[in-house]
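Please see the structure below; I have some questions.
The letters A, B, C, D and E name the chains in turn, as written, and every chain counts its residues from 1.
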Amino acid sequence: MRMQPNAQFDRQPVPDGFGPIAIQLSEAAVTFGRGDRAVSALSKTTLRIADGEFVALVGPSGCGKSTILRLVSGLVQPTSGVVIVGGREVAARAMRVGMAFQNPTMLPWMTIERNIMLPLKIVEPFRSNFRKLRKTEFRDKANALLEQVGLKGFGNHYPWQLSGGMLQRANLCRALIHEPRMLLLDEPFGALDQFTREELWTILQNLWMTRKPTVLLVTHDLREAGFLASRICVMSARPGRILDDSRVEFARPRTVAMTFEPDFVALNQKLRAFIEDARSAAEQGAG
Amino acid sequence: MFGIDVRQKAWSAGLIVLFFVAWELFCLMTGMSDLVLPRPSQVFVTLFQRFPVLWPHIVQTLATTMFGFVLGVALGVALGAVIGVSKTAYDTCYPLLIGFSSIPKVAVVPIFVLWFGSGTVPAVLTALSICFFPIVVNIATGLATTEPELEDVLKALGASKFDILWNVGLPRTMPFFFASLKVAISYAFVGAVLSETVASNRGIGNVMMTASSNFNVPLVFAGLFVLAGLGVALYAVFSLIEGRVTGWATRKNDVIAT
Amino acid sequence: MAEDTTIKFTLGWKTQGSDAAFFYAKDNGYFKEEGLNVVIDQGEGSGATVTRVMSGAYDAGFGDVNAIIQNASTKPQEAPIMVYMMWNQPPFAIVAKKSSGINTIKDFEGRTLGGAQGTPTTRLLPVFTRKNGLDGEKIKISNMAPNLQEPMLIKGDIDAALVFNITSYFNLVLNRQDPDKDFKWFSFGEYGLDLYSNGVMVSRKLIASNPKAVASLVRAINKGAIAVAKDQNGGMKAALNYDNLINADVEKRRLQYSFEKLIVSPEMKEIGIGDIKDDRMTRAIAIVVEGYQLARAPTPAEVFSREFLPPRAERELVYTAN
Amino acid sequence: MFGIDVRQKAWSAGLIVLFFVAWELFCLMTGMSDLVLPRPSQVFVTLFQRFPVLWPHIVQTLATTMFGFVLGVALGVALGAVIGVSKTAYDTCYPLLIGFSSIPKVAVVPIFVLWFGSGTVPAVLTALSICFFPIVVNIATGLATTEPELEDVLKALGASKFDILWNVGLPRTMPFFFASLKVAISYAFVGAVLSETVASNRGIGNVMMTASSNFNVPLVFAGLFVLAGLGVALYAVFSLIEGRVTGWATRKNDVIAT
Amino acid sequence: MRMQPNAQFDRQPVPDGFGPIAIQLSEAAVTFGRGDRAVSALSKTTLRIADGEFVALVGPSGCGKSTILRLVSGLVQPTSGVVIVGGREVAARAMRVGMAFQNPTMLPWMTIERNIMLPLKIVEPFRSNFRKLRKTEFRDKANALLEQVGLKGFGNHYPWQLSGGMLQRANLCRALIHEPRMLLLDEPFGALDQFTREELWTILQNLWMTRKPTVLLVTHDLREAGFLASRICVMSARPGRILDDSRVEFARPRTVAMTFEPDFVALNQKLRAFIEDARSAAEQGAG
């Protein structure tokens, strides 16, 4: 149960003990809009994530965390630089990706159950069997997931009939149902109370330990990052850059109790300090 | 509750009846000649008496209209999808389509007749050509205004353009598709009847033309009432489907529990 | 037996009693006897018949010879040819309300006349005024659809209307007026515009490809016309058989009116139904050329062909009202 | 970038020109009689030659159409707002409106003429009565499908129904309002011209009627082209306004930075 | 700096040191939908909040917290029971209310600035001057608020050009701009990083101390509740009831440093235990 922060931030940490590179951002930058309305969302960022890694991304609001996820999933093209996912230049099809958006956008004309089954309708190999299995096996799968996150019996409800936190949990189910090789989670537990949140941490950790997908998790909760991630990247304020990239070496499976232990609290404190420094630096820069 | 719904409908039906009563009274009070505007009661009597004669014409008009309408919907959805998705198609097709639809179809019917002879074919074509535009416009607008966030859900899964269209674009557009159907079905009737007045030996349009050249105004109006009735009947059918398909979009009243 | 030749035939307007000859010929198998299968469609105007035949959509039709003259002037190779002149008197007329104080044509000056756009009556008004020494400048024309003319006349929005007498007469009847008592009629024929009008026309293509069929068609129609002249009730039965929506009483009167005012004339009695006099046609063409400001006057032969008419003896029509 | 936009437009313009070229070739190849379908080149020549004569008629038609259109838009928005907000109005008005709009306006024009005399008034009324329905339908649907969440923002502030309509309902409906304007403006032209063919001494409808009885088909088509051109011109005007007003709804292309 | 939990939960705590009753829920219950689709969102709930109180509402996801806010703002009518706000049976007009929705629903056709100025357009006395002042005074007001929450320069952006956390901050501005007498805040800081969040806590506390509006704050963050509220209500799982209603008596102005002090941590722990008990009770009940 130890923590190894890279004191001197290495721009391209070579992860070891993991598979080949799954995600690679090379000097990728994103600017939205044109002319004098242009907003630089992400300055040149380099980031390599190995196959099967669990990386948490923390940083101040508006620093470009969501933008990185959108880059990786191919929803946004880099203004400059290169994004390579699964060995190919960005292409969502390159890998089976599960994405939980920050704002749980359920399709309003579908029940929660059908919303959750959506990836099965689109992604192979499920797609070919969708018509056959949607009323049996796939539906059971969806309902099993719903039960896991505490939404049993809400499958037939429409999205607007759920509370904010319930929607967020449904959103997580949709990201998981097609057993993706890569998980992009954008603050998936933000609207949940502490206990529900901790329950879901455990579920997610189990899932990761069994299937070993590559996970990129955006969060504001340092405890969450410490509990789940094997590596934590800290970003600077807008336009974001990666400031720090630390390994988290606590043994797995981690427990909620662990998060109150001194080592863990120390990690949190260290990260906190890092972010605080970055913030005040940014404010001085701006001032 | 059930009670509220029934009362609501009764209320609306009452207002509709009131409309006809007002019309009747208006004609009686102003002593309007039935050669200009017959009283609804006269029209209904005529309609009732001549119904056996009118029946085959009604069937004819309904059939051509439906045929043209179905083709028009298919064409409208296809064109709308293309225009809604591609900017070039938008810039190219809209001017042409608006140009075409600014042309009175009366001027086009004779051309159809010269090409395809009189009767059913030009009626179907006219119905089609008059009714597809509102559908195009609404489908295209619906697709163009679909929230990118909804599309992103599928894009992130690596869905094809068609997948996105089918699973997000079109469902999201449904409320406005049904809205345009209301316009389209009524215009389809107008188109079919128009063509029948110009070139056909059958159909309500033909009846109305004959009646009008006979100055049998109540019969003309009986034809109009039949058309209005058919329009409303088809609307009712679509309404049922609409309620099932687009309920999600008009959830306003369901939210407040009482 | 050989297949019947199909001929697509367009009427001049919606079903009217005056078309009884065609229905009668069809119902009584006259066409069949000639080896023809004639398909009769309703029309959109006696002028439009020319367009329909010219475009090839129809092989033959019942329409206005003056429209042929118009087209023969510019497209002599395409314009249809009249092969059977049914109405040798012009139906073009001006009708005025007696109460409006119009007693002579001179009274038109300073008045508003309702005209239907493009109809021969409206188009030929300038010739009418010139020939009768009226001041065209002083006559105001208000355009309106044909079926609005009588209501507007009755209502008093216009003082007189430029009409077809056979249509307008019965429109007035249907509008519950007495067209003889309350209205005054000025027929163009009586004011120096001695025109021909509706008859059976066929396309040049049909003449070239199947002249026999044309002759057969004319023969059958001729037989029908002669029969209906004797038996209008039979004619009406055939008409009702074709279209049960028509008002049988009015249409029967229309049928008789067509015989009395448009078909039976001294000229018809002399040369038989269906034929024309070339010198009268030449004069008529001159009037149309003037009225329509045509660039070239076609010859009567470009407009009418008597080649397919049955012999004179078979074209003896005797009208007896019944 | 600027370059892309221009290329895009050029591309669309090219396709439109192509359409006319194809038409020209089609006529030439099939040896189509100009009595049926004249070649576009003939039409343009006629249009050019006769333009001075046509001009006052164009002005007349444009004026009546615009007048009817403006009234139609006002009526359409008002009715649409009522229908979109009240369930009773929905149940009452929709059947009546659909009935009315299933009636060919040709049958109604004579009534207008007998009441209001021939000329401008019936043309305006016909344009109005033919063009307001698509607007009603889209406004009503837009209002009925407005997300309650958006309305809640104002409701929580204690806003009146009118405030909500004005600040949420109508702005949200704008994209579909503009969509319906495209349909409405072209139908307004159809209505005005229709009425002119029935009873008027001026206007394109009148010109076309005369030309058609003259067998001057190129002139008829010149009239049609003028109508199409006017429709497209007005569409272009609305497009400019639309771009400013509803840009928020069609933000798709702005998101991806390149 | 003391904490006085009501060990024995009193159904109608009489708040003292505050003004008259501003919000009163008497046995208010809400059921959504009809027949067998009915979902009971809130079981009979009684709650009284005095004028000028700062009440935090915590509880598991889907327990009806948002529903309570919607009841108070008049967006939902109670299925049974009575809701009295500002002395009248629910009427949004009864009091000048500022509401921050859980999901920041900005009107997409307006810039952030205009979105934020919306209440000024609707609510008197601003309404009457809106046309006159919207380009000057009111706009300055909006921009001052934006600057306070760290969104300077984003006034002319459209909502979709902002990140999740930025939207949430704009949402807060909209709730505050018309200086409401009553603030209903539904997880207003959920999508923010710790530092931004703490900054906003301080701003909100200052605002409350100066203007003394009645505040009802929904949150999942017990530290947040402890920092801001003068009273914390804990709710049970769906259908919610109020389980516990505790006063928080720490001196004001509170500082972030305080939240790490033992007393404070003890409060948190106590609340945690409470919620956990309720949760396991609910689970057993369901099981």
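Simple rule for what comes next: a residue touches a chain if its C-beta (ideal position, glycine included) is under 8 Å from a C-beta of that chain, and two chains touch if they have at least 3 such contacts.
Not measured: the values here are computed from a predicted model.
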| item | value |
| --- | --- |
| Identity of the chain that, by mean CA position, is farthest from chain E | C |
| Chain whose average C-alpha position is farthest from chain A's own | C |
| By number of C-beta contact pairs, the top two chains | B-D |
| Separation of mean Cα positions, chain E and chain A [Å, integer] | 28 |
| Averaged-CA centre spacing for the pair chain D and chain B, given as whole angstrom | 17 |
| Distance between chain centroids, defined by C-alpha means - chain B, chain C (Å) | 39 |
| Separation of mean Cα positions, chain E and chain C [Å, integer] | 86 |
| Sites on chain E at which at least two other chains make contact | 32-33, 103, 160 |
| Multi-chain contact residues (two or more partners), chain C | 51, 55, 147, 151 |
| Shared-contact residues (touching 2 or more other chains) in chain B | 36, 114-115, 148, 212, 246, 249, 251, 255 |
| Chain D residues within the chain E interface of the complex | 147, 149-150, 152-159, 163, 167-168, 171-172, 174, 246, 248-249, 251, 255 |
| Complex contacts: residues of chain E adjacent to chain D | 70, 73-75, 91-94, 96-97, 99, 101, 103, 105, 107-110, 118-119, 121-123, 158, 160, 174, 178, 184 |
| Chain B - residues contacting chain D, complex | 8-9, 11-12, 15-16, 19, 36-37, 87-88, 91-92, 94-96, 98-107, 111, 114-115, 133-134, 137-138, 140-141, 144-145, 148, 175-176, 178-180, 182-183, 185-187, 189-190, 193-194, 197, 205, 208, 212, 220, 223-224, 227-232, 235, 246, 249-253, 255 |
| Of chain A, residues touching chain E in the complex | 32-33, 39, 58-62, 66, 102-103, 150, 157, 161-166, 168-169, 186-187, 190-197, 220, 222, 272, 275-276, 279 |
| Of all residues in chain D, those that touch chain C in their complex | 33, 35-36, 110, 113-114, 117-118, 197-201, 206, 209-210, 212-215 |
